[in-house]
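Have a look at these structures, which come just after this line.
One chain, chain A, appears in both complexes that follow, with chain B as partner in the first and chain C in the second.
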Partner chain A sequence: MAPLLAVRNVAKRYGAVQALIDASLEVSPGETLALIGANGSGKSTLSKVINGVVAPDGGQLLFAGRAVRFGSPHAAKDAGISTVFQELSLIPQMTVAENIWLTREPLRRNILIDHRTERRRTEELLSLFAGTFRADLTPDTPVSALLPDERQIVEILKAISVNPRLLILDEATASLDSRQVQRLFDLIGQWKTQGTAIIFISHRMVEIEQIADRYSVLRNGQTVGEGAMKDATAGDLVALMAPEASGGAIERRRLSPDDLATRRVILQIDDLRTGILRGVSMRVHEGELLGIGGLKGQGQRDLLLAIFGGIPYNGRIMLDGKPVHFTHPRQAMKHGVALVPGDRTGEGLLSIRSILENLLVPSWRDYGFPLRMKRAHQNASVIAARLDLKMAGLDAPVSALSGGNAQKVVIGKWLLRNPSILLLDDPTKGVDIATKAEFYRLLTRLCDEGTTVILYSSDDEELISLSDRLLVMHDGRISSELAGASLTTANLVAASLGVARRETP
Partner chain B sequence: MKQTRWQQATYRHPYLFALLLLVIAFTANALLQPNLLEPTTLNSNMRVFLPLILVTIGQAIVMIGGGIDISVGSIVSVVNALLATQIGLSGDLSTAGVMMGVALFVGMGAGALNGLLIAYVRLQPIITTFATSFIYAGLALFILPNPGGGAPSRLTAFYRETIILWLPLAFYIIALLLFIWAIMRRTRYGRYLYAVGGKAEAAYETGAPVRAVQFSTYVISGLMAALGGIAMTLLTGSGNAQVGDPLTLSSITAAVIGGTPLSGGAGGITGPIIGAVILGLIRNIISFAGVATWWQTFVNAAIIVLALAMPGIIRLVRRRRG
Partner chain C sequence: MKRPTISPPLAAVLLAMALFLLSGFLPNGFGGNLDVATAQAINIVRLSVFLGIIAAGQTLVVISGGEGIDLSTGAVVTLTAILTYTIVSGKNEQVLPALLAVLVVGGLIGLLNGAGVAFLTISPLVMTLGMAGVVSGLILVITQGNVSGAVAPIMTQLIARPVLWGIPGAILIWAVFAAFMWLLLERTTFGKNLFAIGTNRTTARLSGINVTGMIIATYALSGMLAGLGGFLVVGNTGVVHIRIGEPFLFPSIAAVAVGGTLLTGGKGSYFGTMAGALVLTLITSLLTTMQMQESVRRMVLGATLLAMIAIYGRQRGFRQ
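Then we have the complex of A and B:
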């Protein structure tokens, strides 16, 4: 059968990052294609090219045999491409029915909204998932009153209500429970028989194996393999996804598991739960560099924020043998815990203020009243030298620094407080290779000096080369722990997709 | 998030709280002014409330759409200055008719300027309308530097004294506007209004005409302010370039009391109308009780601060407990 959609050699660059180099895929009517790849492989960019959210720099899109170029999500939708977005596109204040039919309300006399028809059609849609959500969910329930899984269901119904020819499910199962996923898969089966083509993006290998007819694997922005699901094992797909070592990162001398065992446990976490985390337990040793990996959004960020007192949580945290429960970052800071946020400009820096001020923001209270500026200057200079900060002077604004140097300021301001535990939230995102190398040396030195580092990174290679131990998160849990010989990219990718857990129950 | 029954009820009928307040304010007022429900007393109250009610309706529509209009008071002043100078105490009815039409266009024009700057140039609503309010206030003073002018008594008498079937003229005007609103809510425009105010990005992704809707809310607000200005002129029968000033804060307060939050995407106009009546009754109570008038300003401001702080306070309390 002729493919409904053919994507040929698509490229897309965001600033310095080449998100897609050469991506291709084909999907036919009545077929489910799994689009898979590790972090940063370009699968969300590719799905955004298809649904008109971003415009490609090169390559070709053929839809129903004709070359197309969608200028907006709306244009793609008009052509029959509907997407279930990960970031929800629902309006919280409006009801389920109002949200599903927004811009396509059934009208009477071409002007007045036909509530009865709208309600009936909404009920028909809801009945597709009947029994998998709370009974008080009606077409008139405001979306703000729904649970995350129910919102996801409404989102799916909204996408399907246009009777699309191509449905893109981008991590649509992430917040659904197993019963709801099963129902969705039954429905996908029905839609397939009606000729709908489906592109399925998921971080759960189990689901991919169950629902997909064909697969297409992306690695570093390139399509590296495709074929029929029945001819491939999970192991084959993981091998395709795992990037080959490029050798750019420095190899840190790893602490051996035996060495770690002799060290003091500085942080002990038992059964930590938040909205996303579903029972995380772990031990962290003094001077250890613990990596946290996995696909994005599996709870890594929540874990760091909970330790730092940034979000409420249930569970026990022991710091240096004493139970603690931080409800505000200030308390965590007092106990020597520091968090370097991932969104540098948004959360970490006051970009129009001077480097000096930025470095001292967390420490001003140690400088008395009036502030002892001379001492502040000295301490800041020491840190700047230690970080090898390239700058015009401490009084220059942070906005004048390069990305890598700005990142150093974010870390430097916490180093001034001599933290015993340093939490890093994806610190090298958007940082060039030279600065990365320098940053890796800094981390290595900090660990040698006895600082404990917990590093979450979306860069798998970086985690493999830096971590003493690596915890892989999947669906709000730690799916596996990699250390010593098992600390390989292939194992990380497999664990990210929940494969390892199945193979070693 | 589990909702309480009260939350569900207020979602469906955002004016429930306002209704409760209305009963209290009305009872208090009736105790001080026993003949409150007699047609003439009712009329003398409603004709005073009407300008604020009209302005508040426009304000509420802007707020549902996710914006705010600080310039409504100045638009009322412009219209008042325009009518008082152009019609005059001895003006004939046809001039009055023409000038009222002009006034409506002036109001919509002022609203269109606000809408252009906010929806298409993408400036902040609060700053933009605060700035344009000075343009309009300046214009009003240019037209009418000193209080003066007026409207012919035949016209003012019609506004002040018309009572049809025991009910004052204001009731019929409000009923008509509520009817128009009820129809509007049942059109796509009504849905878009709430969608845009609720979450503009989601509305855009879904394909709703976000900017056109934002623009339109300010035009409607300008139109309603012009109607408020006409009512104000007929009520006072005179011109004063600062007559609209207090209406801005009052219209926002009335909308907030009426269950139309500053965060947008919710509420309606029934509540804000009730809110405007409540503010009028509070003013009555204050004047009857012989308290200083600054209390009125104080109460208005306190309500706004409370309304703004409430979501934050609720979150704080929840977090403490959690």
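Then we have the complex of A and C:
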């Protein structure tokens, strides 16, 4: 059968980052294609190219045999390509029915919205998932009142309400429970018999094996393999996904498991639970660089925030042998814990304020009254010099700095306080290579000086090279602990997909 | 790219000076007479003091961000002016207790505003507007429409009359007050944290700042400063009526904006607000001297506000 969609040699660059180099795939009517790849391999970019959210720099898209170029998601939708987005695209204030039919409302006399028809059609759609959500969910329920899984279902219904020829499911199962996933798979089976083509993006290998007919693997923006699912094992796919270690960029002597065992446990966490975390336990040693890996959104952010007192949690945390339960970052800060958050501009910086003020936000209390500005200036200068901050001056606004230099400011504000535990949420995201190397040297030095570092990164290579020990998270749990000889990219990728179980050391 | 930019407070001061010079050419202006000019300038500054001090709390609340605004200012000024009037009753020894009382009452009202904004997450606009209604109603209930009392001689002496080298006490009070405001904003942890929460509350919280506490403290302080404003206003006029604070509400917000404080929070200064108060007072008195009607005065004030904000908005670094 002729493919419904053929993507040929697509490339896409975002600034300095080449997200896609040479990506290709084909999907035929009535077929489910699994698009798989590690973090940053270009899956999301490729799906955005297909549904018209981003314009490719090069390559070709053939839809139903004709070359197409979608200028907007709307154009793609009109052509019959519908996407269930990973980041939910629903408007919380509107009802389920309003959201599903937004911009495509059934009309009476061409101007008035026909609410009765809208309701009826919404009920038909909801009946597809009947029994898997709460009984009081009706077309008139506002989306803000829905649970995350119910929102995801509405999102799926919205995507299929246009009767698409091609349906892209981008991590659509992430927030669904097993019963809902099973229902979705039953429905996918039905849609396939009606000739719908499906591109399925998921981080759960089990699901991929169950639902996909064919697979296409992306690695570093390139399509490195494709074929029929029945001919491939999970191991084969993992091998395709794991990037070759380029090595050399990072030099750090890893602490051996024996060495670690002799060190004091500075942080002990037992059965930590939040909305996303489902019972995380771990021990961290003094001066250790503990890596946290896994695909994005598996609870890494919640783990770091909970330790820092930024979000409420259940469970036990022992710091330096004493039980603590921080309800505000200020308390964590007083105990020598620091967090470099994942969203630099949104959570780490005061963009319109000066570099000086950004460096001193957590520390003003230590400067007396009236604030000793000269000392503040001196201390900030020392940190700026230590981090080799490239700036016009301490009074320049922090918004004038490049991504890497801005991140140095976020780290610098905590270094001013000499933290004993430094938590980092993907600190090298959007940072240039030279600055990354500086970070690696800095983290190495901090650990040598006795600071404990917990680093989550979406860059697998970085984690493998830097970590003394690596915990891989999957679905709110720690799926695997890698140390010593098991600390390899292949193991990390496998664990990220939930292939391996946790080995008890 | 380097463009000559001028800071908003400086722009407002220059505008005030230009307006003042312009006023000299009016038929009944000071012309070339330096003594008259000085006297007029002092008078304008004296008139600006009350708006300037009432707008101080507004400045803090606007800087604190989160669509911060205090619409209860006018009502609090009225309430505290009446309180001062009745507590003092013409006795000098009652002045300090009255001052203390208005600070406490203003502070408590502000505290409620802050608690509503921080804990109940009511938008500042709605919370303080509602509070303005409650306070206004309270004034009517308590006074039944008429107020008895008097200000003390010492208040008139210190606020309305010249104290030093022919400079009225009000201006001296304002100078000291301005120094305190600068200290508060630029040289205290509170000030630094205020700018931080006004810029980005998530960053502020993740940097260890108690954002909730800061919001409540800021609104409480705004209430206290409005209370101080009420005290000074009645000390200046010597009489009180149940609408005495109302005319200050809109100008107090306008002065903050004209002074270049970012209405979205996180950036601003009290000097800017002082310059803004000067500009607004000048325009009002200029138009009054020109015998313009109230309606025209309002239109010109409104247009000035729009023009200044439009100019600031075009400056680099002033936009986010």
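Operating definition for what follows: the second predicted complex is superposed on the first by the 472 of 505 C-alpha atoms of A that agree within 3 Å, B and C clash if a C-alpha of one lies under 4 Å from a C-alpha of the other, contacts with A are read in each partner's own complex, and residues count from 1 in each chain.
Just so it is clear, a residue touches a chain if its C-beta (ideal position, glycine included) is under 8 Å from a C-beta of that chain, and two chains touch if they have at least 3 such contacts.
In this text the structure is predicted, and so the values were computed from the model without any measurement.
Peer 1: Would chain B and chain C fit next to each other on chain A once aligned, or clash?
Peer 2: clash
Peer 1: Does chain B (first) or chain C (second) touch A:Glu98, or do both, or does neither?
Peer 2: Only chain B is touched by A:Glu98; chain C is not.
Peer 1: Does the superposition put A:Pro142 against chain B (first), chain C (second), both, or neither?
Peer 2: After superposition on chain A, A:Pro142 lies in contact with chain B alone.
Peer 1: Of the partners chain B and chain C, which touch A:Arg253 in the superposed model: first, second, both, neither?
Peer 2: neither
Peer 1: Of the partners chain B and chain C, which touch A:Phe308 in the superposed model: first, second, both, neither?
Peer 2: In the superposed model, A:Phe308 contacts chain C only, not chain B.
Peer 1: Determine, under the contact definition given at the top, whether A:Leu339 touches first (chain B), second (chain C), both, or neither.
Peer 2: A:Leu339 sits against chain C, while chain B stays out of touch.
Peer 1: Once the shared chain is lined up, is A:Lys413 touching chain B (first), chain C (second), both, or neither of them?
Peer 2: Once the two structures are laid over each other on A, A:Lys413 reaches chain C alone.
Peer 1: Where does A:Arg66 make contact in the superposed view: on chain B (first), on chain C (second), on both, or on neither?
Peer 2: Neither partner.
Peer 1: Check whether A:His74 is in contact with chain B, with chain C, with both or with neither, and answer first, second, both or neither.
Peer 2: First partner only.
Peer 1: Shared contact residues on chain A for chain B and chain C?
Peer 2: Residues common to the chain A contacts of chain C and of chain B do not exist here, since the sets are disjoint.
Peer 1: In their shared complex, at which residues does chain B touch chain A?
Peer 2: 1-3, 8, 11, 183, 186-188, 190-192, 194-195, 197-199, 201-203, 205-208, 265-266, 319, 322
Peer 1: Which of the residues in chain A come into contact with chain B in the complex?
Peer 2: Interface residues on chain A, with respect to chain B: 73-74, 77, 85, 88-94, 98, 102-103, 105, 107, 111-113, 115, 142, 144-145, 147, 312, 327.
Peer 1: Which residues of chain A touch chain C once you look at their complex with the stated criterion?
Peer 2: Residues in contact with chain C: 308, 310, 328-330, 333, 339, 341, 346-353, 357, 360-362, 364-365, 367, 369-371, 373, 397, 413.
Peer 1: In the complex formed with chain A, which residues of chain C make contact?
Peer 2: 183, 186-189, 192-193, 195-196, 199-200, 202-210, 262, 266-267, 317, 320
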